[in-house]
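Look for chain A in each of the two complexes below; its partner is chain B in the first and chain C in the second.
Right, the complex of A and B next:
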């Protein structure tokens, strides 16, 4: 099998191709106007979906039907905690980051504890905990909207030659995560556990420890997203995480990570996130209404999963 | 000696009883026809959505689109159904057929239902936003009067919940169709070998789910009297929580219709209970999460106790 045909069998090259095609269609329509600006905006917004998508990908990979529904609540909690602790003061930036990530870490631990102790499916465990986490965020974040400290806002909105700094930071994070999946004991255990937890256990791996790390990692990534997002959009809002429940699942699935577990794709998440955002901006350019955009998003998700399932011979 | 299975089945009822009694103690005035009516009226659409979710869970799938679907039905009900009843009914029937087709598609192509229904959620929301870009429209008069029905002695929401629960309990547990439905979740291979079509079974189960989604949307519209695309976004989570609170399992076709209705009532009551406790509304959702965790913990305890005894 040549390199090209092998690449064509993977999902992620297609996501980039689709993203490129959509971008091309958009700038053809505008006659080349704002082609760079669209890319910059796409990178900015796609980055947040990528950060949470990476966490959701780990959870998906850990086994069939595994999903983290507490991501939106964790994003909100981390954002609210960070803004309150930082209190617009640059000097308190590090304490704020530590507090936000600490809160996210706790959510991850709690999720794992619920799954392990109550022996309930992850979807129910993360659903129940998300209720509690969201309430904590709402109750803690009462009152006026607090602005992010200038340093955080600068970091979140800075650009180097049109490329958002957060996007560069996330690319590095993605490369590290891809290497972790490929080369570390945790990464190999995660893939093995996702394919067959019992076989992984019998071959001397520790599926429970792997799951623990997975849920904590997913929560921490949601925390990072919450931090960046509140810096980017001028403060934490109580509904800031909402759109990321569906987005995190969509980018993971479109990117080629298997819903059945045991197969992850880091580049696919980037391709899918860029594709999703560029698609929305294309429809905006064409003057489509919000309803049409939503319908097309749904149709694409279903079409992708139908196509992907056929390619793998019906998992 | 009470065995673990009985205890497990009694758990949903005990949970509801605890919340109900606690509410009565804190606010005795709720122990009246009017009080119960007020506290439980929004439980009816939630219970219907929970039943819809339960039919999907029966065949080992999960429906992430039921919330937006209920919202879409409320939008159609407040516009098309009011202006042109024939077209309105046709649209609702078409929606049910789409639900059935999706069930068939999931079975035929062996697709993960979470992802397919996630896509559907976007589609329902999109159509609803096209119909009603902002909340509005008007509920048909018959719907409003139905939901405001003053039944003698026992408040309407309680009668509705019990009737819904009992009818479906009977249909699913005592009829041959119910056995096939549960078999689709319990052992699909055995069902296929026995000559039943999994494709048809799943299409029918999803179609029934769509039907109850329509009922949920219409009953919600009767209460709110105007349509809103986003009105039921939380219903997806509520319906899953309700099925689980009511003793349903995610796999194996083990569900309990009466339990699901009870679970929905418990969730709806918990809201009022917390208001009476003067706990800030901020903790409303959190308390529902806490109730869910407590019930699941009790169930885990009961199940483990049963295993030790056996």
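Right, the complex of A and C next:
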């Protein structure tokens, strides 16, 4: 098999192609106006989907039935905790970050404990924990919007030649994660566990430890997203995580990560996140209503899943 | 085709998977009431040929005809079904989440309406009783809960059930690989009875004794072609092995002295000391299938109720559920047990990994142009070799083997036996569950199991098939 045909059988090159096609359609419609601005905006917004998508990708990869529905609540909790602890003070930046990530870490542990100790299916476990987490965030934050410290706001909104600093940071994070999947025992254990947990155990790997790390990593990444997002949008809000429930799942699935587990694609998360944002902005440019946008998003996810399972399934 | 006497006929059939040529022009006919034995090395093309007959694969060239009717492209599973062609594949095809009766229904669309479950139960239980008396399987057992040997019995019995279409051809691909000696014999008796009544049967097996005693005609395949096609009586074990093209190792491999057993340092010891394994010892687990041998291996693996003092590697026999990672390449499947040795500062070296895979490709003669190919491009026997490579290339001091020679050809078996003796001499210990008596002769010591308990411990000098069988049916622990 040549390199090109091997590449064409992966999903992620297609996501970039699709994103490019949608961008092209948009700027053709506008006559080339704002082509760069659209890209910058896409990078800014897609980045947040990528951060949580990477976490969801790890969870999906750990095997059929694994999903983290507590991501939106964790984003909110991390945002609220960070803003309150930092209290708009640059000097308290680090302790705020530590507190936010500590809270996220606890959520990850709790999720795993529900799944492992109480044997609750992941979908129920993470959904119910997300109610607890969100209630905590509400009672802790009391609905007051506190501004981020200037340093965090600067980091979250800074650009280098039109490229958001957060996007660069997330690219580096993605590269590290891809290397972890390819070259560490944890990465290989995750891929093996997702395909066949029993065979992984019999090969001397530790599926349970792998799942623990995975749920904690997903929560931590949601925490990072919460931090960046509150810096980006001028503070934490109780609904700030809402849109990331669908987004985190959609970018994982469209990007070519297997819903059945055992196969992950880091570049696919990027392609899918850019594609999703550019698609919405194209529909906006065309003047489509919110209803049409939602319908199209749903249809595209279904189409991608059908296409993906047609390729690998069957036999 | 003018040949109306044959049940089914293949003419110049070819099949390729990408660069791998699985069949290069095969012509074959089976007469009614004939039992055709099919033998050959792993990857010789036997399973591919059977998939073509069953309609699950379609030929790249050539034609298939049945009852004088020619099907070149249109031979599908539905056509095979209506012409009464049934298959028992090497990879068991029962739905694990359904009961035995529900699995029987899958094959018979006519079992519908009120009471279908009772009728399906009656159908499958009657066949099971007929082929395997005293099988101990119930119609409402869930397949996932059955041991692999019993699953194979259900699969075989199901292939022989009839509702609407009469059977014309039944293909058995390694049907006895998970059966113990007694049930295997019952199956072969059934094959003889059915062929006497006019049914055609194709029997694929690596256990040459079975083929020689049962088949009327034997076809030998090698490198995707038929290389010999003669009446069964014209073959002997030696001439068959020769036709397959493997060297015949008649010389017995020198055994380690059983007398050393007492002096060995123990690496496995159960709480009651009723079971122990010494360093460098090869210990066999015998007895009828599913009498606690695999459970013993699991107990050792997880260290329950026994003291284990060396790292363990496991070689699965049920490779689909215990061994293979379907989405991975052959190389990754082979190296998964060796990450410790391949890592430096927490990172796996990809070049060292590829090197290790290549070394074991050579050592075990895994038949593939590229170890980076997907594991599922390999034939069953070569997948099994990959599992051997996984365990033998690791740092484990103890290797547990769960009837691991299923679907492995004679030549490779001999090589693996040699490797096992070589490594045992270097101090590796082997615990080897097997359903084939011949393999027990490679062991220093054998424990015979019955209903989950050890009923006999035999040293290699005292080992006879008779004594193993006696202990397999013993009522009380000796």
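One rule holds in what follows: the second predicted complex is superposed on the first by the 312 of 315 C-alpha atoms of A that agree within 3 Å, B and C clash if a C-alpha of one lies under 4 Å from a C-alpha of the other, contacts with A are read in each partner's own complex, and residues count from 1 in each chain.
Note that in this section contacts are C-beta pairs under 8 Å (C-beta built on N, C-alpha and C of every residue); 3 or more make two chains touch, one makes a residue touch a chain.
What you see is a predicted model, and the numbers here were worked out from it, not measured in a lab.
Contact with chain B, but none with chain C, is seen for A:118 once the two complexes are overlaid on the shared chain. Once the two complexes are laid over each other on the shared chain, residue contacts for A:135 go to chain B alone; chain C is not touched.
By the touch criterion defined above, A:163 reaches neither chain B nor chain C.
Contacts of A:199 after superposition on the shared chain: chain C is touched, whereas chain B is not.
Counting the residues of chain A touched by each of chain B and chain C gives the higher count for B.
The contact surfaces that chain B and chain C form on chain A in the two complexes do not overlap at any residue. On chain A, the positions that touch chain B within their shared complex are 65, 67, 69, 114, 117-121, 123-124, 127-132, 134-136, 138-139, 142, 246, 249-250, 253, 259-260, 289-302, 305-306, 309-310, 314-315. Here chain C touches chain A in the complex through residues 18, 301, 311-314, 316, 321-328, 332, 336-337, 339, 343, 346-348, 350, 390, 394, 396, going by the rule given at the top. Interface residues of chain A facing chain C in the complex, by the touch rule stated above, are 1, 179, 182-185, 188, 191-192, 195-196, 198-200, 202-205, 258, 262-263. Touching chain A in their complex are the following residues of chain B: 62, 105, 109-112, 114-116, 118-130, 133, 237, 240-241, 244, 250, 280, 282-290, 292-293, 296-297, 299-300.
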